[in-house]
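Next come two complexes built around chain A: one with chain B, the other with chain C.
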Partner chain A sequence: MTAMVHEKEKQTPAQWLKKHGSSVASIGGLLFCLIFFTITTGIKGESIWSASKLSTLIGDVIVTALMAVGAVFIYSLGNMDVSIGKQVGLYSTLLVLVGNATGSLLIAILVCLVIAVIIGVINGAAGELLHMYSVISSVVFMMVLSGVSTIIYSNLGTRNISMNPGISLTLFRQPWFMVLVLAIEYAVIGYFFYFTKFGKYARAIGANQLATSQSGVNIILYRVIPYMFLAVCLVTASLFQMGYTGAASDSTGTGFEMNVMVSLILGGMPLKGGMKSRLSCAIIGSLTFSLLAVGLPIIGVPTNMTFIIKAAIFLVVVLITCRQKTGPLPR
Partner chain B sequence: MEKEILFEAKHMRKEFGPTIALKDVDFTLRRGEIRGLVGENGSGKSTIMSIASGMQPATKGEMFYKGQPWNPGSMVEAQDAGISMILQEANTIPGVTVAQNIFSGHEAEFSTLGIINMKKMKAQAQQRLNSFGISHIKAGDPIDRYTFEDRKLVEIVRCVTDETEILVVDETTTALSLEGREILYKLIHKMADEGKAVVFVSHDMDEILEQCTDLTVLRDGEIIGHLTREEMDAPDSVKNIRYMMVGREIGDKYYREDYDTSHSDEVALELQDVTLGKIQHFNLKLHKGEIIGMGGLSGCGMHDIGRIAYGLEKLEGGRVIRNGQEIKTPLQAINSGIGYISKNRDSEALILNGPIQDNIVLPSIPALEKHTFISPRAEKKLSDIEIGNYRIKCHGGKQYVNTLSGGNKQKVSFGKWTAKGSEVIIMDCPTRGVDIGVKQAMYALIEEMKKQGKAILMISEELSELIGMADRLIIMKDFEVTHQVERNPDLRQTDLIEYMI
Partner chain C sequence: MKKMLALILTLAMLLTAFAIPAASAEGKGKILYLSNLNSGAQYEFYVAYLNMMAEKLGYTVEVVYADGYNDPAGNLKNVKNAYTSDVVGLIATQDGGLINIMEEYPDLWVVGFFSDFDAVYTKDDSGAYIGTSAGVLEKDHYLGLMGDNFISGIALGEAYAQEVIDRGFKRVATCIFPAYAYPKHTVADSGFRAYIEKYNETAAEPIEVVGDATVLNFSALDNNTYFFEDGHDNLDCIVGFCAGTTFIYPSVLEAKAMGICNPDMKIITGGFDNDPDLMADCGDDKNIIRLTTAAFESIIWPMAMIDAAISGTMYPDYPGNKDQLDSGIMVINSTEKFNAVINNSPMGATNNEDRLGKALASWDDMKDYFITVNPDATWKALTEYCQSFAVEGYMK
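Our next item is the complex of A and B:
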């Protein structure tokens, strides 16, 4: 047995691009949006870098980014959670209801966390225990939570509820606080994702569950734990969602799961999960998504057209980053 | 007079990132040839033909097929033109029938207005299976019902048609049963007789010398030499070929040279009255410092014993015991110091779409953990030791496993468990697809493990390595033990084959 065999040779630019194509496309997309909107909003006599626009941008990006950071764990497993939006809707509602009833935001947060953890355990374990795709259990939750929301708001006799002014939510509207919380969440989730067994096992499961299982990993346990991280992130996102307006409604959270999915794909996240999953996808994707949401109306694109433009950009990124080149099977 | 050139590659070069798999290779294949391609793992022997058969493009160079420039866009295109390749690993489509596998990509032949006539497809598939002499496989059955070996036969049927001019057999025979090998040998000789050509990639020197008409030796992406049939029959041919492959004398020592079967009295792993399916009341005691070899035909139940011992199967009766504790799951097995190298390397042993380092350290993660933190430096150190020990051809631990050659992949799966420091290692076909240089090193490692008091259950379809390495040999047939024998210098393969068949 002798020393390691190295075959180190310089990569050509084409090889480097092939290896890092996904990152280049996602970061390139973000940079393109930044440059494009800096120039075009300037022509329109506005600036995307003005204090008010930046505040709007941060307010828009924060909830999606907070959710997406947690969702990276789930996507790295090769899973998808479509109940994210309805969960945020429920937690926002509960924050208002429990907060108003008890006068304490902390109790409301704890209640939300308990429910989020229960939903996470079921979502994470159901797929493995019932031998079905995990997304199916999240579809069930999406429908159940939609029903719960309808019952709550019909019993209340209103479609909107507001937080008692006695509970201050000013902090949740401060851009610096939003950035700080996102940075803390990113650092904490990043630690668990890159430097602990939770993240390493999640990516390994996404890449090859059978080989991971045969390497002694408890698949059910390490499929459930990522949902715990998501649960915390969703409650945090709900706090900012509700805190921004001080209210919740029966439509809060609608479509958020799609915002998360689009953001992650725009950020270069492989939908199959696995070893190439990166946490930075959440931030890059959310920023790109929000830049489009904030920038397009400024340059005069009608709201209905912004959806088409977003869809077109999404399609291009998917074509660049998610296309598989496995080739056909030999007959 | 030399026969017509069927395929030719000129100045072929292939790069995988910074790794150069082929360096300016010229290769010619004539009609009627059964060309052996040998070389160490990562020497580029599979790469040449994978490019010829449309699996991947060359970085540089030209190819000519039947005198015309050749540049296939896909394997289907190459196959339609007459170049088919049977791959090393399982390549059937799960969840569909045998017939659908055989005619995948050719459904249009059975389609009317978009509706596939499954009955017709099934009938034609069965006809094809029968013509290959494998009528025990039923075209209408789900493919998943069949063993790894049978699925490999289905691949052969899928690949080879009357139009096939060049058949590439890439390390396939190690995945076939004895009967399967005979079917394949018959097929390649028939093709050669019909003026077609076969390229045979294998590490099995006996098989190469027996079946091939010509031989090409590769090393580090370059062709080192060609041997004709006469040169292959020369007295020192094996020694010369090995020298050409490795580039150095590998010496005469290959297997263990001692016949000392002594070991500790302490039982390291015990299977008590184990019952699962056709395996009934199976008993085995593996001691510390002992190597038990299990041999037989592929479907004899020996692979199942390996899986049972590792806690992968839910038993109908009996127990697997290690250190007084019952082993029911792989996690329990690993925690008690058992390691397992699966025969199904690409699907069960390795994360192909992941770095070498992550694969090697995966079972060792709990040991590397300090208050939840896993140091990237500790991971790299552990991985680099194994990469060095096994001489894995790579440019570092971050390289993805799917870019490695078959043998180097096998080294990674071996490295997982040596890194973990397992006390009991269950090896199911441990040297499958591994070249002689590495085999020699692995045998030395297994011998060293024995000296260190490790217990080894070595399951293999290669009787020679079992005879060469095991203290005790167990032969199985039809899920039962038919023969047991202690290590001794007089033991010959012929003494054991009668208990297998």
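Our next item is the complex of A and C:
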């Protein structure tokens, strides 16, 4: 113990920075965006801190953040789920359809949760049972759910469906409620991620699956459970996604898996997973991503340029946080 | 540490470099253009033309990219992100989430352009509007829609059928997008078939429409199967109510190269593409013999409408019923017309000066249709003017 403290004391700033470079880059990036947009939007006579812009920011960040918090569990395994977007699309659609059919949002949520958990179990177990990379099963789900969505909307004869006005969704458009739900989700997932064996084993599997297995951990079980956490987070995100407009479409959720991945990387999440995985990556990355989306138009950056700037920032962050000598990609 | 600092400073410089000066405080405000296009000749022209008109009228224009899939939440989010305190109007080319945008910003004037707005104008059997954004029709700040060429699917189908008859084709087939996404295509297809059927009643040699319409699920015509299906190997023409330049033309080229279809088969379709190779293959003796698209200059209509509304001087004869309107229609169906569009229209221009110079209407031509410029201007005259633009204008 004394030796450890002594070693910590001996750490030079350069060593500390090398060890915590990823965190410094992600938090630094967020702080930089906050300061930069606070100053520059002020020059333009606007404010990123105005009630309307804060509301826009929270509305922009909420769905991605809710998904990303759940996805941290999956990324900590060293896995990746590319069916996230299609799942959100399906759950949003089901929330509208079942909600309209039964007149109850609660029943619709329960239906979505059941389906989400089933998908999660298959997604989590398939990789280990079938001896393939877990991302493959999520690719299969992405394609299957895309087909299901097409069938649903073809049969409905429309691209858009909206919730019956009798079911109030006002709550899901309130910024305070968005923040509250995100805080609760963060606290609950954080508890499981940091203080229970579910999170510890997930990170351990990401760090070294063989060693974890030889320590007596049931790999299949502890690979499946993170997907069930993700399932709950995705249904929660779908509620806000659908509640935002009270509608769903055949394209709802398209590309969301990329938003989650970009947010996590911007937040400093190690793509290999493992013990360095942090839940805060989800919030930091989502906020940075949304700050850019909301802030850049205010300071007069043309829309076509915002993509270039986002890409440049993403590239810089990746260069700082994600460079690995071997195996940087999730499985 | 130095590297990190350098990177952060570089980012700061990058961001600042792209920032442009704020709109003049003396201006009339900012108009958002929710664009379904983000590149190409049409996009470049619309942006340049809108900016020119806005400058003359005292506004600024900012382009907002619409959601790539017309998703309601995506469009709402994009508009909210771009919204600043000086925004006064929205020209929308997509309708997903339009009702949510108008509920979020009740003082925003909104006008539609270059789209069918099915989410607004879809009707049930009783004629009641049932689209997810149909609620905008009840809002004073919604000013109506000038759509994408023919609003009526029947009219579009009949126009294509007449082209088939005029060309003397005897075996044709049709392609559409799924009815749930593009209901007009299904209506156009039935209009096409009815017109051909009527023609066949008196024709010496009837026209055969081979099979049902092929539904392209937003993917290219599959030439591994399509041309091996009964009757498709010997077609005179494929009529594409969908975006045939993207979804039919490449497959036809491949099929011809493989020798699995009629080598003289032609394509009739809609839309515009300024890919030089594709445009070089348009004309009487080429693969694409007809393109139908909205007249580019019709975008004067939404600008004039939104200017009138923002200024509080709406046209006295504005009917307020917000019915869909045809745009000007470009029927490009001869080599001469294709050449005129390529060489004399804004679609063939390479810079904004050239684009504006080649437009069928300069500011001096159009200004008297703006009620803020000419108090005697009427909605009827404005609408007829914007519907009058045709490809023949580029041939003078």
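A few remarks follow.
Here is the rule we use: the second predicted complex is superposed on the first by the 315 of 331 C-alpha atoms of A that agree within 3 Å, B and C clash if a C-alpha of one lies under 4 Å from a C-alpha of the other, contacts with A are read in each partner's own complex, and residues count from 1 in each chain.
Throughout what follows, a residue touches a chain if its C-beta (ideal position, glycine included) is under 8 Å from a C-beta of that chain, and two chains touch if they have at least 3 such contacts.
Note that the structure is predicted; figures quoted are calculated from it, not measured.
In the superposed pair of complexes, A:Asn164 makes contact with neither chain B nor chain C. Within the superposed three-chain model, A:Thr102 lies out of touch with both chain B and chain C [touch as defined at top]. Once chain A of one complex is fitted onto chain A of the other, the partner contacts of A:Thr38 are absent, as it touches neither chain B nor chain C. Of the two partner chains, chain C is the only one that A:Gly59 touches; chain B does not reach it. In the superposition on chain A, contact is made by A:Gln214 with chain B only, not with chain C.
Judged by the touch definition given at the top, the superposed model places A:Phe195 against chain B, while chain C stays out of reach. Of the two partners chain B and chain C, more chain A residues are in touch with C.
Of the two partner chains, chain C is the only one that A:Ser249 touches; chain B does not reach it. Once chain A of one complex is fitted onto chain A of the other, the partner contacts of A:Gly274 are limited to chain B, with no touch recorded for chain C.
Chain B makes touch with chain A in their complex at residues 15, 17-20, 53, 55-56, 74-76, 79, 84-87, 91, 93, 102-106, 155, 158-159, 310, 312, 330-331, 333-335, 340, 342, 347-355, 358, 362-363, 365-366, 369, 372-374, 376, 384, 387-396, 400, 416, 441, 444-445. By the touch criterion stated above, chain A contacts chain B in their complex at residues 1-11, 15, 19, 192, 195-197, 200-201, 203-204, 207-208, 210-218, 274-276, 327-331.
Those residues of chain A that touch chain C in the shared complex are 13-14, 17, 24-25, 28, 32, 36, 40, 43-46, 52, 56, 59-60, 150, 153-154, 156-162, 241, 244-252, 254, 293-294, 296-305, 309, 312-313, 316, 320. Touching chain A in their complex are the following residues of chain C: 1, 4, 7-8, 11-12, 14-16, 18-22, 38, 62-65, 67-74, 76-77, 80-85, 96-97, 100, 118-119, 122, 131-133, 178-181, 183, 217.
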